[in-house]
Amino acid sequence: MATDLRLKETLPEITEALVATYTECGRTSHLGHKPLPSREAVVEILVDLLEILYPGYGRRQNLHIGNVEYHVGDLIDGLHDKLTQQIARALRHECVPDGGADDQEAVAQEKTVALLQCLPDLRRLLDLDVQAALEGDPVAKGYHEIICCYPGLEAVTVYRLAHELLGLGVPLIPRMMTEYAHEKTGIDIHPGARIGPGFFIDHGTGVVIGETCAIGANVKLYQGVTLGALSFPRDATGKIIRGKKRHPTLEDDVVVYANATILGGDTTIGHHSVIGSNVWLTHGVAPFTVVSLEKPSLRIKGPQTEDLAPTYQI
Amino acid sequence: MATDLRLKETLPEITEALVATYTECGRTSHLGHKPLPSREAVVEILVDLLEILYPGYGRRQNLHIGNVEYHVGDLIDGLHDKLTQQIARALRHECVPDGGADDQEAVAQEKTVALLQCLPDLRRLLDLDVQAALEGDPVAKGYHEIICCYPGLEAVTVYRLAHELLGLGVPLIPRMMTEYAHEKTGIDIHPGARIGPGFFIDHGTGVVIGETCAIGANVKLYQGVTLGALSFPRDATGKIIRGKKRHPTLEDDVVVYANATILGGDTTIGHHSVIGSNVWLTHGVAPFTVVSLEKPSLRIKGPQTEDLAPTYQI
Amino acid sequence: MATDLRLKETLPEITEALVATYTECGRTSHLGHKPLPSREAVVEILVDLLEILYPGYGRRQNLHIGNVEYHVGDLIDGLHDKLTQQIARALRHECVPDGGADDQEAVAQEKTVALLQCLPDLRRLLDLDVQAALEGDPVAKGYHEIICCYPGLEAVTVYRLAHELLGLGVPLIPRMMTEYAHEKTGIDIHPGARIGPGFFIDHGTGVVIGETCAIGANVKLYQGVTLGALSFPRDATGKIIRGKKRHPTLEDDVVVYANATILGGDTTIGHHSVIGSNVWLTHGVAPFTVVSLEKPSLRIKGPQTEDLAPTYQI
């Protein structure tokens, strides 16, 4: 390269100026001896967990009843170490006041084993999600297609893992997990949400499910559905009050079609209700209710005789 | 690590409980000697195909008319083997009743060669898609920017490949391909949709194009557009009737703006029509029609004198 | 493999037909000795830049005040070379008429150093974005969660880098950068947009911010918000007029809720205004205005006594 050496001489200066900002703007730098959980390690853990939850669908093929125990046993053993290490980092970072590094490690190990112990039950729950997908989507050709190709199932699987970890009191990692699923699928489910069995999200891009949502059994959502908050309650000094229920409740057997928005912690959608596409709803409805957009809200002009594109206002 | 060995002793127990669920919930495990197509292999195949379809834009650079034949010939040769192997897996998995493993391999090879043979024509078709993008987007600085940076072109390219494979009777792999594109771009095009030349999707996140859509020539879609189904037709026993046309028809030169939703198998949007942003449409319109939202459906309050955030209901 | 050799004999023929299309459809092939910037290299550069901007949050952990200078200095030195090389490719490709290859290299180096020099100020700006996220989202548990898990911050960070490069006159690479962020986050910010400090996008999937947007300080957007163009102005011959302001202006302290669409270059949303969820707006509003959907535009039927799903029209 024909580099100008005088220009290159400025590099140490730039480095110095940057390092100065690491103390000046300390909150965007993480210096010190308490490393955060590693995003790469968390993703690796998730991939291993998916391999265990859906054996034969992932990396390792030609699994059969004679060899699957070795494969899964090996994965479980490895996950024990990886998860313990990352959970310990998350706990140490949260600075739980009592106890030293070794105690955090011991607590992390307990939480890890607790997560691994719930995997068999989790598989039974996911079985119902797969069933719900097959019943809910006429395009699905079978279980294999759903497990191989449906982003909704992947997002729900990751959410259910993250929700367990959150319940075990693990900080930070649950959100890292659901954000990994969000990145892959466009489906953003907060690990704190409570979601019943037989849950199915079709297509899924743009779905947002807030932290305090409560969703019953056999609920179906389509792409772009937001289950969100109304404006946040604030105290007398204007600060947001944290921890209140801010997101809607969907009872059993509710269907919400594409791009509908349902908002508010007091909004309860009664069981067997159907919320139509593009609906914007900030209050609850009784069971067996159908909500849709009024048709007259469209303006239809035509046939137009001239070329439309140059003059039409989108 | 300061692990508690008593805790670690539970790992074989967890493994055993998991393995028990592999037969109990058999549909979420894939054990046996018929491996599914590998997602990693399918993605590798797609990357090779894109390298052939847009030479010089991908991994390998400094291609020129003197060396490109070697590069492409090598890729074609490798693709022949990789595709044959994965298609054979998909066929075997579908358990086509007659014929043994070798027959499936031979059928897979035929389908592979048929796909490779249509690549030159596919390039001619994609050329029109690139042209449509340049004409449709005033921001585009040239062909290079469209091929390097436009997710819509990537999604359409993958769809056109998947659609060919589906037409050749290859199971599972077409959907794996379009889901790869969906993951990367947020654009979900079912491989079964029929889409004419000169198709352009701008921005694209959240677009869903259903299995039985029919889209004419020179159609343009923006982000968040759903071309979806009304409720699925069911038979007397309540089961979904599969195979019917459930998604809309868009004739030539139709434009659909951001986040519009068009639903139903009998919904035909006449040629040269324009469907405005956020419109929700469940019936067809004549050619040269403009559909937009009525303006009076907004409530506008203000100027407000107090601070809005704490009291405003979103 | 049990391949049929006669079928394999067609591969050279396929290769030849493909190579013929490389000259026939020349715009979708990039042959010659002016390689484009490499997408992989640009992504690697971005990852290095993020490592510098948020030290301790990325790949390298256990950074502390005693070693961070070495780590960052090494990254800056490597970035100098990588960026110079890729910018030189972009400049050469644009065929700036005067000057040979060496001159382009020198110009590229100058632009590279200019970008690196603005990194400390960029960190100060990003510090305000992180602050805005914490204030704007009651779910956020702290800075660490925002930097580790919030896709909105990643998209805004990449946009701010790309915007700087665009201001330095670097072609193609800025758009490659924002498309990388778009792919990861579903947030599509054109590098040409102008965005003030304290910008926060929550959830983010489906957000589109057009090239000529002007956004003030402390603006907050939710998922699915489009800041787009009305139909493009065309000249007498029907060609799109490029370069005009086509996208809206949002003044300071504006909030736009999920899936709202704001269109048009003359559309100015006055400061402290709130645009509600799912609103579609093509004209400006005064400061302190609240815009929301009218409630009566919904049709609510129920309770229904029969099973809804088979008969309901979505």
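So that you can tell them apart, the chains are marked A, B and C in the order they are listed, and the count of residues begins at 1 in each.
The working rule: a residue touches a chain if its C-beta (ideal position, glycine included) is under 8 Å from a C-beta of that chain, and two chains touch if they have at least 3 such contacts.
All values derive from a computational prediction rather than experimental measurement.
Matching the C-alpha atoms of chain A with those of chain B calls for a turn of 120 degrees, to the nearest 5. Under half of the residue numbers at the chain B-chain C interface are used by both copies of the sequence.
Here the CA centre of chain B is 22 Å from the CA centre of chain C. In chain C, the residues touching two or more other chains are 186, 205-206, 224, 228-229, 259, 263, 276-278, 293, 297, 309, 312-314. Here chain A touches chain B in the complex through residues 52-57, 59, 61-65, 68-69, 72-73, 76-77, 80-81, 84-85, 102, 105-106, 109-110, 113, 116-117, 119-120, 123-124, 126-127, 130, 138-139, 141, 143-145, 147-151, 184-186, 203, 205-206, 222-224, 228-231, 234, 238, 258-259, 263-264, 276-278, 282, 293, 296-305, 308-309, 312-314, going by the rule given at the top. By the touch criterion given at the top, residues 1-4, 7-8, 10-12, 14-25, 27-33, 35-40, 93, 171-172, 175-176, 179, 182-183, 186, 188, 190, 192, 205-206, 208, 210-211, 224, 226, 228-229, 232, 240-242, 246, 255, 257, 259, 261, 263, 270, 272-274, 276-281, 285-294, 297, 307, 309-314 of chain C touch chain B in their complex.
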